[in-house]
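Next, two complexes with chain A in common: one pairs it with chain B, the other with chain C.
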Partner chain A sequence: MTVPGLSSTVGRRRLPVVGRGRGLLTAGAVLLSIVVLATLSAPWLAPFDPVAQGVGPRSAPPDGEHWLGTDRFGRDTASRVLHGGQNTLLQTGATMLAVIAIGAAVGIAVGLAGPRLDDLGRRLVDGVVAFPAVIVILAFVGLRGPSLSAVLGGALLVWWAPFARLTRSLVRSALAESSAVAARALGAGRAHLLRTEVGPRLVGPLAVLTAVEAGQLIATVAGLSFLGMGAQPPAAEWGAMLAEARGAALTSPHLVLGPGLAVLVTVFALTCVGEGLRDVLDRSAQAVAS
Partner chain B sequence: MTPLLSVRGLTVDYAGRTVLDGVDLEVEAGEAVVVLGGSGSGKSTLLRALLGMVPAPGRVQAGELALQTDAGRLDLTASGAWRRARGREIGMVFQDPALALTPLRRVGSLLTEVSGDPARTEPLLRASGFADPAPVAARRAFELSGGMAQRVGFGLAVAGEPRLVLADEPTTALDGPAREELVTRLRERAAAGTAVVLVTHDVTVAAALADRVVVLHRGRIVEQGTPARVLGDPAHEATRSLARDVPWALPARHPAPRPGDAVAIRVRGLTKSYAGAPVLDGLDLDVGGGEVVGIAGRSGGGKTTLLRCLLGLERPDAGELRLAGIDPAAQGWQAVRRAVQLVPQDPRASLNPWRTAAQLVADPLDFHRIGTRATRRARARELLAAVGLDGLADRRPNALSTGQCQRVAIARALAVRPRVLVADEPASALDVTLQAELIRVLSRVVAEHGMAALVVSHDLHVLERLCDRIAVLDGGRLVEDLPVARLRSDAAHTRTRDLLAAYPTDPLTGVAG
Partner chain C sequence: MRAAIRSVAGTVGMLLVASIVVFAMVRSAPGDPVDVQLGESGGISLSQEDEDRIRAERLAELGLDRSLPEQYALWLARMVGGDWGTSYRTGQPVLDEMLDRLPASLALGAAGFGVAVLLAGGLALLASRRPDGPVDQVVRLVTLATVAVPSFLLGTLALQVATGTTGYRIAGPASLDRIWLPALVLGIAVTPTMSRVLRASLVAERGRLYAAAALARGASPGRTLLRHVLRPALGPVLILGGLAFASLVTGSIITEAVFTWPGVGLFAVDAIAAQDYPVVQAYVVLATAVVVLVNRGVDLAGRLVDPRQDVRAEAVA
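What follows is the complex of A and B.
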């Protein structure tokens, strides 16, 4: 006889969690690939030139020809959103790769260092993490003049720090694992320890952090472009488009729709991927442990 | 009289794999029941099912699962019943006491949470074995030593005056004297009318504690009765293996004298202190060529620190080391590690989960740049075959049993043909049957290769079978150093006598008659 109270509490409490990680990850990955594929194939997908004026009527609401309407110069919003994604996603993506590389390198160096250097490095990294990123980026933009590359350059100065901090603590805990200690006692050198003990333990957490931080970076870049610090007209960029749309909010409210949804969907997809990865990796880590 | 705990037809499966299969168990008030079983017998699952804490995706089915209380019969399968029962009706002693206590909370506050009355904290601590409870109550859980944490864990289990105390392998993390103390406390509880259900693989504990021994094998009860009957005259194969295939039943090592061999380990004046507290205090130690020496001692006696200093994982404050004739201070640790290799404490945790058995065994050859990729691979397969693991070279630790992991760890230590082996509590993470197997494999390889070895352990039974000579470490110095044959007759130091008392020649003699 099945005891209803027992079996179902076990089932109710646990199963949704198990399902959640995979579901989130899949949903996030599908959304993200749609966004990335769409922006990458913008030259073929986009019906019009993103900067050409007068390809349609001015400030027209969405219709069959212009799916997201047109702006006050008669430019096609859908084409601008698709092409704008290239600026936003590709450049942000490159910036993310750079900050991961810098962060991981700093984190590994500090994690392997002796106690005094470790202490110094940790304070430095914590200091950078504690500093509000937007202020550093604004200062950098102030020096270099407003442009998308100035915003991303500023981000490069600070965005590596959370990666360095996470990497350092992962390196430390990986080297304290029994298997790493045993390998050291048998004669393993640093290269082996990094490759076999530290490396596999870095991948999961860094992937999660990347997804979360990428979402934030995209939101920040779009936000600064919205304030006029980033991409400059007539270049299509989601944040800059939102800024333009704001100016015409009373007459053509539909202009917010395209870039706004694009930012929303991208950040949401990245967050889903991050959260989903964490759930899935947690469970596979448990499976490895048991 | 109705039994305190009645279990009928308890079945637990994990995603279709049956772990417990129709277990019936009745426990009377004041009865101490020891559930005996090897790894994978389902004994931990039984305990978790009694506590309502079977992890996902486990599915529990039971014809009856009920506890007799003041308010009548409590059906534990009813919703919310566990919450009323845990702590108040059922207390639990956990396997690793240090992990079971919330580290930042004070002992007093932990106990008050369960007992509900701060005034009971001191009597509880006193009854758990603390002569001076006040300072202990003020400590935070992370400040406790392993032995102290076990006492506090026991105090917590009984703080709610439960009718039933469950204990999950509570002795595996303890050394002999601490294990005896815990068994005594549980006996006192049973005498006071509490029912005790303890699961273990250790027949010694069963012999010392049980009114009734229940043997679990592959999820079924195969035998039960008094300890004298079950352990003295086992009827089932599983019981025979648990009671007979034990370290103390193995023959002692036949020392092969190898005169003329270089000194394997020479330690002079080794000193190390942490935060001003000396852990090693001018320790001297010699291990001759081809000699196997055991270092015994209680937890916290400095064994681990000595080992870490000998492996170059810890820098001593003072002292001279010479390992396999090599001075690490002058020639570097890498040269030492070429000749001295480690047999680790927990074989599974010591193996990188992402690497295959063959890679793990070939790794030390790689570390010391011995041979080519092809010869390393061939040597790894040869070594795996030598420890009885042919055909498993491509498995990862997850796909190996604990016993197989242990063989991989030994093969790994042998790869560079070391002159000296250092073993860190090599048996403490294993059940008795695997301990016996470890002793057989390790004695064989040490004898075959004519290696010297230093074995650090609190388990005198293991040391007596593996070693030629046993030294006892206490307070940072060696207080006893005798050949194995003379240890039981000539030991003079009280610390040695305590250890010998906790590991009698045959722990089952009293029971089996």
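What follows is the complex of A and C.
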């Protein structure tokens, strides 16, 4: 049905494509490594003690010495952002690993099951995917009381679903490949099929989804923490800093800026990695197909 | 007709499943309502016997001594009947509190959606004119960067700029001279995903034979776009519109909090901080119902815009 030449740039001067593919992946990966390395080396990198009060004037906007300003206790925001990243990234990372594991397990179980069970499982997973995670997390926090573990626990309840949906569809399509059909005809068991036919096809797409969803998770947790649902002050954690900043957002907006920019850069890096990886994988899949 | 009945039955089914989940969450709250009430008995120390007796009476009164399915049925009947309990904080019926604030939230959501449709539509139309052309690449980078901007950061900065330059006032009731800023922030947050889906959809539809045929018959590019490309391209966008709506519901919580917009979201956030369970429960029920109903509505609207979906669905069934 499609006419390939009609909407392509044939006959026109081709521009170098930016914001796509390998370049995007590299940019994202570099940015992400910088963020991770900077937070890991916070003890050496941070100019001030993150919990020491009065290392500078109170509620001062950014200047040469305190380049993200200071909070109302005279603590150095930049040092707190660097140190706080450790907690944020570590806990978010652990949550991501858990939801990938749960999602992949559910997806494989549903995908390997018979058609009836598969249909039921698919509907259930689709239902969870369609539901806004924030509402579930809010309900969970409403019952448990605000804390970072409550937010991440609420996220755990729903965030596995996109991984389960993707894994299931990958398992189904992998089992329909002629090589898998042949292996099965030769008497291969489920474990063997999973290892040789399904497994290799899961890695790439799951990596893409992981990068994109990790960014979403960090953004969501930060937003909820800003509302006071997450980690509580005085912890040096991005969310807790945001919660503290919200009360003074009108008079000292620079308090939002520090942790806010940290979240922005991290989410941007993860998005670039996800999108770039998707482009690269798509292209190599096309190269194999043609 | 059969499709309509099935659709209604499906919606009711989804709402029922959601209600069971919400009920399970409510029941898993730490401490039961009787604990709360006994704790509030004003320092009068009761003997263990009295306390046990009062507890049993109160449990029976609230129906908490029955089996879980019975409790669920009672709870559902009360919710459907409009008895949503009383807010611990304000002492007012929760349903009234919610209905008071709903118009402000709906207005903000609608305005935000309007902003997103205008921005995303414009960006997608620009970008899809020449796939991978310079405009497309710029739009692509801009949307990629916008995805990463947290709405609380955007909101705080926008508020700072607006109060400084236009004398924007954050306090007061919901009004027209207040809504434009939160609507803008909310709309920008939803724009990137929407414009990317619309762009991909437009690029795909422009490459179709019927678009080529229209051009070959001498229809102007503008006419081809409006009459032959836009309508089929809207199908995927509508489905995404449903998802975007969900992110509007959640995004509006943060936007309402930043701009102290007196809507349902701000009320829920304050309720969570104060452990006002009836309000939290009401918010979850309301948000769930809205999301489920909108998703269904989007489904139906998609069929009206692109009737081929009906045929495809039947071919699959």
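Here, the second predicted complex is superposed on the first by the 259 of 290 C-alpha atoms of A that agree within 3 Å, B and C clash if a C-alpha of one lies under 4 Å from a C-alpha of the other, contacts with A are read in each partner's own complex, and residues count from 1 in each chain.
Going forward, a residue touches a chain if its C-beta (ideal position, glycine included) is under 8 Å from a C-beta of that chain, and two chains touch if they have at least 3 such contacts.
Keep in mind that what you see is a predicted model, and the values were worked out from it rather than measured.
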*Touching A:182 in the superposition: chain B (first), chain C (second), both, neither?*
first
*Partner chain in contact with A:237 - chain B first, chain C second, else both or neither*: neither
*Figure out whether A:192 sits in contact with chain B (first) or chain C (second), or with both, or with neither.*
first
*Of the partners chain B and chain C, which touch A:264 in the superposed model: first, second, both, neither?*
second
*asked:* Output check: A:272 vs chain B and chain C. Expected answer is one of first, second, both, neither. What do you get?
replied: second
*If you stack the two complexes on chain A, which partner ends up touching A:256: first (chain B), second (chain C), both, or neither?*
second
*Touching A:140, do we find chain B (first), chain C (second), both, or neither?*
second
*Of chain B and chain C, the chain that contacts the larger number of chain A residues*: C
*asked:* Give me the intersection of chain A's contacts with chain B and its contacts with chain C, in residue numbers.
replied: 1-3, 6-7, 9, 15, 18
*asked:* Using the touch definition from the top, list the residues of chain B that touch chain A in their complex.
replied: 9, 52, 54, 56-63, 65, 77-79, 81, 311-313, 334, 337-338, 341-342, 344-346, 349-355, 363-364, 366-368, 398, 409, 412-413, 416, 422
*chain B contact footprint on chain A (complex, rising order)*: 1-3, 5-7, 9-11, 13-15, 18, 177-179, 181-189, 192, 196-197, 200, 287-288
*Interfacial residue positions of chain C with respect to chain A in the complex*: 14, 17-18, 22, 25-26, 28-30, 130-134, 137, 140-141, 144-145, 147-153, 156-157, 159-160, 163, 170, 203-204, 206-209, 211-212, 243, 246-247, 249-250, 253-254, 257-258, 268-269, 271-273, 275, 277, 280-281, 283-284, 287-288, 291, 295
*In their shared complex, at which residues does chain A touch chain C?*
1-4, 6-9, 12, 15, 17-20, 127, 130-135, 138-146, 215, 219, 222-223, 226-229, 242, 246, 249-250, 253, 256-257, 260-261, 263-265, 267-268, 271-272, 275
